[in-house]
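Note that chain A is present in both complexes that follow, paired respectively with chain B and with chain C.
Presenting the complex of A and B:
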């Protein structure tokens, strides 16, 4: 009964999304006040229906209803309750439900905040969000219905993929999707502005907090995914340039550019059409990511069962949405003129470089991700593109970006006036260089050329971002949250750069064959293998090893890697064991029984790798802080009052 | 400089930057892509000598050999028409098994043995890498000798 109710709720949600789209877009065009007034109830109704559908699916998982095909494929009666809930997004159909639920959530949030917007504009924003939601609901119902029944019902489920039975993975998709879907809000604001044919600084002020929050979620989501890949997949790295990782990284790069270009549009009324284009691009890349992952055209750990109909549907939807938005852009963008100018050394020019470099970075990632597909389509041979391509090309745009960052945040708007801060900047650069050399050559005593450069840039970025806040503090000026948030995010970036440079250069990894009682020296640590014993969990059995780590005779850590066999899927899964020591991440994975009493072990030592994820978290916190600045709320109220007064003057398109 | 000249300088600078980046990316791309070959293509000498490439096929039943206690492992990759012996000295991925699909990265030694530095198996039992699946289908079903074409972006790794 519940699954049928869920499906019925999804169908109702589809109808409501259609109404929301129609009234939201057509209402303002025809100037029908009552049509526009119907948009908000449609939003609320759609959210309730989607939440009901998601609730029904969760109930089917929790109640072990194996007559539902999706539950039977992705759950099992022995699966712990926590994973039965997170199994909702363990495969294709359920993750679409999650995507739609989050989109409905964002839409409700926009509708609540829309009281401060001019009503016509608000209706258009919600209307565009309705179109997006309609497309995804139709996709779900037409190609990926999660409520399909099995007849006869399965006796028990096929279980959740063992590598997905992990706490970090339980929260990774919701957070990542919140970021992905959040760019839909920026997209909707951009489309609404183009439909209005009018875009001013207040538009940027409305859009900024939404975009920044979405960006913060995306940052967190990517970091969580990287963390999960590091310890669960046992690959031992934190980033693999896997196509699906790239699919989330491209919208992040463009979203970062958007956050910065919005700042210029907000403060100076410049980069208007560029900002619109970035907003369209960021969400298009989010949808392209969905297409790449869901359609099965890319092979990756994330890709679910391939169904050609799904790929075609998403591609068609992508073409309609992106094509429509770009057509609107070509038609309306020429109307948006920026009148103000700026000097070469001004903050605007640095942000222009920031945008260009970030978009170049996204383009190189895009090229590398899609090259195998294109080469395949053109019958040029089967090729694969990996880190040897991505690392150098990515550095190519990141090095200038990071070098200009310290200058850019200290440049004034409109006129550069960097001369006033020349001394401070030189001092911070000098301090960064000395510190970097001390760290790289003092602690690690060796390194590639780029290591000290990277560490220096990271330290310089941190020091330079602190110049302005410290100056304000010294002169006891107020420190608005927008400035504080920006500083925190940039400090996070600096930390990330330091961590990345260090990890890349000073990682030690070795695969060893050890008998019980034997030890291996890796780096400055001794790993003594104490032997294996059987382990048993709620839905798996396996082998656990005990590895004692010492450094110069002093005990450091006890590591317990496991090799599990999950009963239902009979799939072997390695569970790595990780401990921190003096800033190093010690990782041990258990390999195979080699015979003669020896086992293979994979041992890796990565300095500062945890700092990468911590830094991403700091960046996300910075973004959230900045988005919560009072100026967005108070100014918004004032702007909408003036915009409301000026409304009769706006030409309807 | 007038504002116009300044703007032009900026535009020229950006265009130059983008072009340089594009050229460098293209050269990095040329040097760093790895192509996929199946055992029959290897046997017919299609692989440029000394080049690092991806070898894909099935692990032949009963071919997995290891001296007791040694990390070094030997197995044979087959497309049911030709075979290539492979040697690997790291931890094998969880899903590696005889009779299942595999993709190995590495180079061909002069004696015809493939020295792998990375062995990949997808994290799904039912899975066969599509490039392997298509190449097998072609070997068995047709005599067409077109270059192997398949999607190969990210068979995921458990190899070093």
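Presenting the complex of A and C:
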């Protein structure tokens, strides 16, 4: 009964999304106040219906209702409760339900915050979100219904994919999707502005906090995925340039550009059409990511539930949404004029470089991701593009970006003079260079050319980010959250750069074959293999090894890697064991039984690798702080949205 | 004016590429195995028919054979069983079975009841051989040439179409005397 209720709720949600889209877009066009007033109830109703549908599906999982095909395919009565709930988004159909639920949640949040917006504009924003939601609901009901019944019901389920039975991966999709879906809000704001035919600085102020929060979630989501890949897949890498990883990374790069371009539009009324384009692109890339993952056009380790029929639907939806938005852009953007100017060397010019370089980075990732597809479509043969392409091309745009960052954050708006900060910046650069050499040659004693450069840039970014806040503190000026958040995020970026440069150069990796009691020396550590014993979990059995790590005779850590065999799916997964020691990440993965008590073990020592994810978290915290600044909440600018003309530029203090 | 049309033009081009990509998508069902083009992993395991006797993979070289990983616990293996019998009856390529993590008694009962398509079945209780072959789910089928090189791998239940379209064309004309 519950699954039927859930399906019915999804159908009602589809109808409500249609109403929301129609009243939200046509209402303001015809100037019908009462039509516009109907939008908010439709938003609330849609959220309730989608939540009900998701609840029904979760109830089917928790209650082990194996008459529902999706549950039978992705759960099992032996599966722990926690994973029975997270199995909701363990495959395609449920992921879509989650996507739609999060979109409905964002839409409610926008509707609640819309009191500050002019009613016509708010109706249009909600209307565009209604179109997005309608498309995804139609997609779900037409091609990916999660409530289909099995007749006769399965005796038990086929179990959740074992590699998804992991806490980090259980929370990874909701966080990542919150970021993806959040860019739909920026997209809707952009479309609404183009429908109005007007866009001013208050537009940017409304859009900024939404975009920054979405960006923070996306940052966290990507970092979690990378963290999971590091310890679960057992290969020890943290980034593989896999098409699905790229699909989340491209919107992140463009979203980062958007966050910065919005700052310029907000403060100075510049870059208007460019900001609109970025807002369209960020969400378009999110949808393109969905397309690439779900349609099976790209072969990837992640490509579960690929189905060309779904691909056709998403492609059609992309044409409507992205094609529509870009057509609107081609029509409306030429009208947007920026009157203010700026000098080379002013903060605007640095942010312009930031934008151009980030978009170039996204374009190179895009080209690399789609190259196999294009080569295949043109019958040029199968092509595989990996790290040898991505690493250098990505560095090509990142190095100038990072080099300019320290200058950019200390440059003033409008005027191209660094004034009194010149000395401070030179000092920080010098300090960074000395520290970097000390770290690279002092602690690690060797290094590639780029290692000291990377570490130096990271340290310089951190030091230079602190110049302004320290200056404010010294002069007992207030430190608004926007500035604090920006500083935190840039410190996070600096840490990430240091960590990446260090990990890339100083990782030690060895595969060894050991008998019980034997040990191997890797780096300055001794790894003693104590033997294996059987392990048993709720829905798996397997083998666990005990490895004692010592350094110069002193005990450091006990590592317990496992190999698990999940009973239902008969899939072997490797659970690596990781411990920290003196800033190093010691990782051991259990390999094969070589017979006669000997086992193969993969041992890795990665310095500072944890810092990558910590840095991503710090960046996300910075974004959240910035988005919570008072200026976004107290601003009431009902009139200015329709007034059109750019208001005097607000100088940053 | 025209520069504002540029994003739309780029997007249109992308749509064309993606549309072509979708048309090609179904062809990519085969999951490439790193084993293809490499020597088949060696194994020496008990014979299901007579556990005292050992099946050594070295004794299989010198002729084409299909290596089929199965188990009585695997639903899909039941689904492909009729195709396996068809392969046996065609008598072109012998089938070598790997009974993966299974109970010997149940496996013998299964073959007695449904018919035995295999020339010989090796028993892999520990799952070691299956790991060597890179098996991650039953059923999986490998085509091995007389030099002992893996030529082709198919994941999932074998069907008549796969047998006639993907496997048979890979075996050169002269049928090898089989079971």
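FYI, the second predicted complex is superposed on the first by the 635 of 653 C-alpha atoms of A that agree within 3 Å, B and C clash if a C-alpha of one lies under 4 Å from a C-alpha of the other, contacts with A are read in each partner's own complex, and residues count from 1 in each chain.
Please note the rule applied: contacts are C-beta pairs under 8 Å (C-beta built on N, C-alpha and C of every residue); 3 or more make two chains touch, one makes a residue touch a chain.
Bear in mind that the values here come from a model prediction, so they are computed numbers and not experimental data.
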Combined model on chain A: chain C and chain B, fit or clash: clash
Touched partner set for A:429, first chain B, second chain C, both or neither: neither
Touching partner for A:515 - first (chain B), second (chain C), both, neither: first
Which superposed partner A:592 touches (first chain B, second chain C, both, neither): both
If touched residues of chain A are counted for chain B and for chain C, the larger one: B
First, second, both or neither for A:572, with chain B first and chain C second: both
First, second, both or neither for A:559, with chain B first and chain C second: neither
Which of chain B and chain C A:322 touches, first, second, both or neither: second
Partner chain in contact with A:373 - chain B first, chain C second, else both or neither: both
Against chain B, colliding segment of chain C, chosen among 2-10, 38-46 or 74-82: 38-46
Set of chain A residues, in rising order, touched by both chain B and chain C: 297-299, 373, 376, 569-572, 592
Touching residues on chain B, where the partner in the complex is chain A: 3, 6, 9-10, 14, 17-18, 21, 24-25, 28-29, 31-36, 54, 66, 68-71, 89-92, 94-95, 122-125, 129-131, 146-158, 160
Chain A contact footprint on chain C (complex, rising order): 1, 4-5, 7-8, 11-12, 14-15, 17-26, 28, 71, 73-74, 100-101, 126-128, 131, 136-138
Residue numbers on chain A that touch chain B, as the complex places them: 161, 163, 233-235, 240, 242-244, 297-301, 341, 343-344, 349, 352, 356, 360, 364, 367-369, 371-373, 376, 379-386, 388-389, 392-393, 396-397, 400, 509, 511-513, 515, 563, 569-574, 589, 591-592, 594-598, 600-602
Touch list for chain A against partner chain C, complex: 273, 277, 280-281, 284, 291, 295-299, 306, 308, 311-312, 315, 318-319, 322-323, 326-327, 329-330, 333-334, 370, 373-374, 376-377, 565, 569-572, 592-593
